[in-house]
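Per-chain numbering from 1; labels A, B, C and D assigned in written order.
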Amino acid sequence: MNKPLIPALAQFVAATAGRNMTKAAYVAVSVGVLSMALLTVNSAYQTAHRWVDALLWACLAYFVFEWLVRLRHMARQRRLPVYLFSAAGVVDALGALAVPVALICGVEPRTAWLLGVLWGLKVVPGIPGLRQLRRVLVLESGPLFSVLVIFLMVVFLASVAEHVLERDVQPQTFGSVPAALWWAVVTLTTTGYGDVVPITPAGRMVAALVMISGLGVFGLWTGILATGFAAETRRDNFLRTWETVSKVPFFAALGPAAIADVTHMLRTMDLPARTTIIRKGAQGDCMYFIAAGEVEVDLPGKKVRLGEGAFFGEMALLGNNKRGASVSTTKVSRLLVLDLVDFRVLMARHPDLAATIDAEAQRRTLENK
Amino acid sequence: MNKPLIPALAQFVAATAGRNMTKAAYVAVSVGVLSMALLTVNSAYQTAHRWVDALLWACLAYFVFEWLVRLRHMARQRRLPVYLFSAAGVVDALGALAVPVALICGVEPRTAWLLGVLWGLKVVPGIPGLRQLRRVLVLESGPLFSVLVIFLMVVFLASVAEHVLERDVQPQTFGSVPAALWWAVVTLTTTGYGDVVPITPAGRMVAALVMISGLGVFGLWTGILATGFAAETRRDNFLRTWETVSKVPFFAALGPAAIADVTHMLRTMDLPARTTIIRKGAQGDCMYFIAAGEVEVDLPGKKVRLGEGAFFGEMALLGNNKRGASVSTTKVSRLLVLDLVDFRVLMARHPDLAATIDAEAQRRTLENK
Amino acid sequence: MNKPLIPALAQFVAATAGRNMTKAAYVAVSVGVLSMALLTVNSAYQTAHRWVDALLWACLAYFVFEWLVRLRHMARQRRLPVYLFSAAGVVDALGALAVPVALICGVEPRTAWLLGVLWGLKVVPGIPGLRQLRRVLVLESGPLFSVLVIFLMVVFLASVAEHVLERDVQPQTFGSVPAALWWAVVTLTTTGYGDVVPITPAGRMVAALVMISGLGVFGLWTGILATGFAAETRRDNFLRTWETVSKVPFFAALGPAAIADVTHMLRTMDLPARTTIIRKGAQGDCMYFIAAGEVEVDLPGKKVRLGEGAFFGEMALLGNNKRGASVSTTKVSRLLVLDLVDFRVLMARHPDLAATIDAEAQRRTLENK
Amino acid sequence: MNKPLIPALAQFVAATAGRNMTKAAYVAVSVGVLSMALLTVNSAYQTAHRWVDALLWACLAYFVFEWLVRLRHMARQRRLPVYLFSAAGVVDALGALAVPVALICGVEPRTAWLLGVLWGLKVVPGIPGLRQLRRVLVLESGPLFSVLVIFLMVVFLASVAEHVLERDVQPQTFGSVPAALWWAVVTLTTTGYGDVVPITPAGRMVAALVMISGLGVFGLWTGILATGFAAETRRDNFLRTWETVSKVPFFAALGPAAIADVTHMLRTMDLPARTTIIRKGAQGDCMYFIAAGEVEVDLPGKKVRLGEGAFFGEMALLGNNKRGASVSTTKVSRLLVLDLVDFRVLMARHPDLAATIDAEAQRRTLENK
C-alpha cells in the first residue's frame, strides 16, 4: 500500500490526509447518518436491509480508511500525538472505532450502528463561523454562567413550591421534587408540553411567575449573546481585512493611522472563478479593490483584465449610479469592498486617495469614448 | 384589443403594466386568497358555492389579464427574457398558469384552486423593508448557517439518545430515529406540542438539556440578527439621506467631509400632501429641511408657504420649546429631519450654519411681531 | 355642587381634574377590576354577591364623578373638544359610560359589568417608558411590518400545505384552510398547544420548517426592536439631560460644543426628599451635580447643606475610592450623575473643569481636617 | 470552644467567617439540596432513609455552625447589626433556622426539610456577573416595567374576551375570568400547555392576536435588556481596567486623556499560576502587559522571567503572526490584553509608545539570535 498504483488514488489519499472534509467525506457522512436513521425504521429495514447494511459498512470502511491515512500522514510529519489528542483526531478515532468496538463487545448490531451518529461530528470543524461563536461564548461566559445559575435557582425553588402545592391533588406528577423539576424545566424554557400542569389556584400563580421569569431569563441570555456577538463581528472583520489592506499598493502609501482607519471601512470578500461581481445596469452602491486574483471588465467591443492592486466600480459612485459594464472574476479572487457610505467619508478624509480615484475614473471615461 | 376603446381602460392597462401592485391587484389578491380559504370549508361552500366559484374565476381572469398585459409591455420594451426569469415574472406566471394547468391535468377542482395561495406571493416585492432584511440575511449568512448546523447537530444527537432511552417504554413514538427527530425539533424550537414526551428519568434529563440548548440556539440566532440589523439600518439611512442632503443648498456649501458628517445626523421623511407636520403648542424636539415639495405655515392672520431648500421648526429648538405655529404639506414632500440632539452638535461644530439659522429665526420673529 | 362645602373635597376635586391618576384612582381601578373578576366566579359571587355588587357600583360612581369633574374643568379652560377626542378623554368616557349603557341596553348584568375591564386602560398613560416604546414602534414600523407580512405569508403557505397533506388522515383538524390556519399560528409563534398536530411524515417535515421559521421570525423581530431601542434610549437620555445641564452654572461656562459633549456623559436622576444618595464607606464610582433641590452631607460633628449648582462625591473619584461621608436629600431633588468612566474622560478633555473640581476638593479636605 | 485545639480547625473557622462560600460550603449546599430532593422520592427514601436523614442533619449542622462562626466574627468587628440585615446575613439565618423552627412548630418532618431549598440561595452572592445583571435591571427598570404593564393589560383584556366568547362552550375552563387568566398567561408567554384551548372561531382569532402580541412583548423585553447589557459591559470593563492601567509604568507616562483612551482598548484578565498564555506556533492576535504577577518565556535553551510592568506577545503583531515562544504564568497574575485591532490604532495614535515597543522588540530579536 506504500506506493499507490494509480495517480488518482494517490491524489485522493493526499486530499483525505490534508483537508478536514473532502467531497467524499461529505457524501459518506450524509449517506452514513441517513442509513443509520433508516436502520431504525422497522418497515423500511425489513424491505431493504441488504442495501442499508451495505451502505453502513461502506461508510464505516471509508472512515476507517480516512483515519488510517491521516494517522500515517501525521506520523510522517511527527505530529501524531498532537493529532491524536486534538478535537479533530478524537472525532476521527470515534468515527472509525466506535461502531466496531461496540459490535465486538457484543452490543446488538442495530443498536451498535446508532453510534454512527458520531460521524456527523466530523462536519463541525468545517463550519465557517464556529470559531467566532466559540469566542463569544468564552468572552461572555461570566454573565452567561450567572444567568444559568439564576435559571437553576428558579427551577429549584419553583419545583419545591409546586411539589408542596400540588402533591395532594396530583401525586403522580408532583409527588416528588425530581418529578416537579421536570415540570419546572419544561415551563421555564416556555416549551410547555402540557403533560404536567398545575391545577390548584396557588400552583397556577407560581406557574405564571415561572413563565414570566422564563421570558426574563431568555431576554437576558439573548441580550448577552447579542452584545458579545456585535463586538466579535467588528473584531473579526478587522482582523481579516487588516492584512489584505496593507498588501494593496493603493492603501500602502497611507500611514499606519490611516490604514487602521481605512480597515474599519472595508470588508473582505472571497470569490471563486467565473463569478459575476457587477451586472451592467444594476444600482451601484460600492466599489472594489483587488487584493488577489484577477477580474475581467466586459466593455462594449473589448474585454479588459484588471489584476492585483487595481480597483473598479468607482464610476457608479462618482457619477450616475448605474453600473456601466459587467465585471466577473477569471480566477479565485479576494476583493476588498468599500460601501458607498464609507466611500464618501474616505474621499473626504483622504483627499490624495480621492484624487487618485478621480484621475483613474477620468482616464477610463476618455479611453472608453 | 390592441387599441383600447376607452381611455380609462388604457390607463388601467398602463398602470397594470408599469407598477407591481395596483389597488385592483391588492383587491384581487385579498379576494382570491379568502375565496380559496372559503372553498375548503364544506358548510360555507355548500351554501354559497356559486359565489365562491365566481369570485375565484374572476380573480384568475384578472391575474391572467395582468400577466398578458405585462408580457406585451415587456415585449415592446425588448425586456421579455429578463422579465420572464425575474422573481416578479415567475410569480406572475405562477399566478396566471398554476390553477389552469392543474385543472387541465385533471386535478380535482377543489384541490386545484388551492394553488391560488401562490397569488399571495405577488405582495412580497412591494414590502418596504424587504430589501433591508435580505441584505442582513446575506451578510450574516455565515454565522446564521453555523447556528443552523449546531441546531441540526443537537437535533440528531438528541433524537438518537432519546431513541435508545425510550424505545422500550414508548415504541410507538420513539421506536425509530425519524420518529424521535420529530420530538427533537418540536422540543429544540421550544414549541412543545406534548404529543411525544419522554417519560424515563434519563430521557427527561436529555430533554432538559435539549430545551436549554434551545434557548441558547435562539439567543445566538437573535444576537446575530440584531447585530446585522443595527449595521444595516445605519447604512440604509445614510444612503437614502446622502443624495437628498447634497441637493439642499443650505448644506451644499459645506465641504464633502462636513456633508458626510451632517448626513449621519439627518433622517429622510416622505410625506403625502395635506399632512400636518407640526401642531401648534406641541413639544418641539426637531427641525426640518425641505428637500422637495412645499409646506404651509399657519401663522396668525396669514399663511406662509416655504419651498425647496427652506427650513422650519428651528424656533422651538432655539428659544422656548413649544411650537409657535402649525405646519402642513401642500404637496407630496420629502423632508430632512434634524433631531434636537444632533441640532446641538451641528450648531457647535459648524458655526456658520448656526449663524444662518439664527439670522433666519430672528428675521422671522421680527416679521411675525 | 358648584361650591364644595369642605376644603378637603375641593382639593380632591382639583386633584382629580388636574392629574391623570390620583391615589384614589389607582385604588378604584384595582378594586373595580378585581371585583369584576370575582363576579365571574360563581362560588365566590354566590357567597358575597352583595359586597361585589356594592364595590362595583362604588367604582363606577367614582369613575362617573371623575369624568364629570374633568368635563367641567376642561369646559372652563375652553379645552373641552380637545379633551373629548384625546386618548385620555375617550378612556375616561368609556370608563364612565360603557357599563351603564350596556345595562340600559338590556345586556345581562353579569356580562355588562365585564366592560369594567376597560377601567384598566386608565393606568396606561401613566406608565413612564410608554412614550419611548411608542417612538421605537413608530420609527421601526417599516421593518416590523415586513416581518409581519413574512409571518402571514409563512402561515398561509404552511396551512394550505398541511391541509393538503393531512386532510385525509385528520379531517377534523386539517379539513379546511381556516382550521389549518389555527395550527399554523400556534406553531409559528412556538406556542404549540398540541391540540392539533400533524401525523403524516410529509406533514411533520413541513411543520419542522414552520417551527424553524418561527425562530427566524422571532429573531428578526427582536433584532429590529433591540436596534430601535438602543437608539431611542440614547436620544431620550440626551433630551432629558440637556436642559438640566445648561442650568448648572458649573457647566454653563463651557461653549455649546462642550455642553453637547458633556451631556452625553451625564444621566439625570430625580429623587424624593430624605433619600440617602451616598452611604459612608461604600465604593465610590460616580459624582453628582445638583440641578435642583438640596442635599445634606453628614460630616463628623457637623452637617453641611449643598444647594443648586453644587457638586459632591468627587473625592472618592480623585483619591481613595471609599465614600468619606453619607449624603442625603433634604427636599425633592434633581441630580446629574457622572460615572467614573466619563469623569476620567471629562477631566482629560476639559482641564478647566478639572481644576475647579480639584480646587474645591482640596478646600473641602482642608476644611474637614 | 473559644481557643480551638487544632490549627486546622482554627483555619477552617477563619475561612468560614471570612469568605462567603468555602469549598466545604459548596459541598454542603450540593449534598443538602440533593438529599432534600431524594427525601421526596418515596421509593428511594424507603430504601435509604437513614442515609438521607443523616446527610440532611449533617448539612444543617454545618450551616448552623457557619452562621454561629460568622455571628461571632461580626460581633468582634462590631458589624453585627449590619451583617444581620444584609442579604447574606438573612440568607445565612434562613439556612440555619428555617428547618429547625419548622420542626419545632410541629410541621411534618418530610415537609419541614423541604425548606432546605433555601440553602441554595447561599450560592447567589458568589456568582461573578450578578452585580452587573442587577445594575442592568435597575437602570432599565423604567422600560421593563412599562413592558410588564403592557403584558398585564393584554393578559386581562384577552382573558375577559375569551371568557365572553368561550364560556358557553367550555364552562369548565373559561367559565370565570380567573380561569381564563390562566389561559392568557400560558398563551402570552408562548408556553402553550394545551390544557386550555379556545375552540370557537372568534376565540381562536383572539388567541392568535395574543400569541403574536406575545412575540412582540418578548422582543421588546429582549431589546431593552440587550441595550442595557451592552452599555453595562462597556462600563464594567472600563472600571476594572482603569485602575490596573494607571499602575503599569509603560502607560503611566501618558497624560490622563490618553490613559482614558488606552483603557477603552484594554481588557483585564486574571490568571492562576502555571497557566499557559501563549502556545508556540499559534496565531498571534493580541499582546499582553503584566499588571501584577510574573510570567516565564520558554525560549530555546533558556527561560526568561518577566515581572510587573513588562509586556510580551508584541512580536507576533509586529512581524510574522506566529508566536515564537510559549509563555506561562509562574504565579497568580493580572494581565492587560491588547487586541490586534486596538494595537494598530494605539501604535498610530501614540508614536512614542510605538517607538518603545519597537525598540524592545528589536532588542529581544538581537538577544535571541
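We take it that a residue touches a chain if its C-beta (ideal position, glycine included) is under 8 Å from a C-beta of that chain, and two chains touch if they have at least 3 such contacts.
Just so we're clear, the structure is a prediction, and the values are computed from it rather than from any experiment.
Rounded to a multiple of 5, the Cα-based rotation taking subunit C onto subunit D is 90 degrees. Using mean Cα coordinates as chain centres, the one most removed from subunit D is B.
The contact pattern of A-D recurs in C-D, the pair among B-D, A-C or C-D where over half of the contact pairs coincide by residue number. Centroids built from CA atoms put subunit C at 28 Å from subunit B. Distance from the subunit A centre to the subunit C centre is 39 Å, each centre being the mean of its Cα atoms.
Looking at subunit B, one finds that residues 178, 190-194, 218, 222-224, 226-227, 230 touch two or more other chains. Touching subunit C in their complex are the following residues of subunit B: 33, 36-37, 40-42, 111, 114, 117, 120-121, 123-124, 127-130, 132-133, 136, 151, 178, 182, 185-186, 189-195, 217-218, 221-222, 224-230, 233, 285, 339-341, 344-345, 347-349.
Per the touch definition, subunit D reaches subunit C in the complex via residues 142-143, 145-147, 149-150, 153, 156-157, 160, 163-164, 175-178, 181, 187, 190-194, 197, 201, 204, 208, 211-212, 214-216, 218-220, 222-224, 226-227, 230, 235, 238-239, 242, 255-260, 263. Within the complex formed with subunit B, the subunit D residues making contact are 190-194, 222-223, 226.
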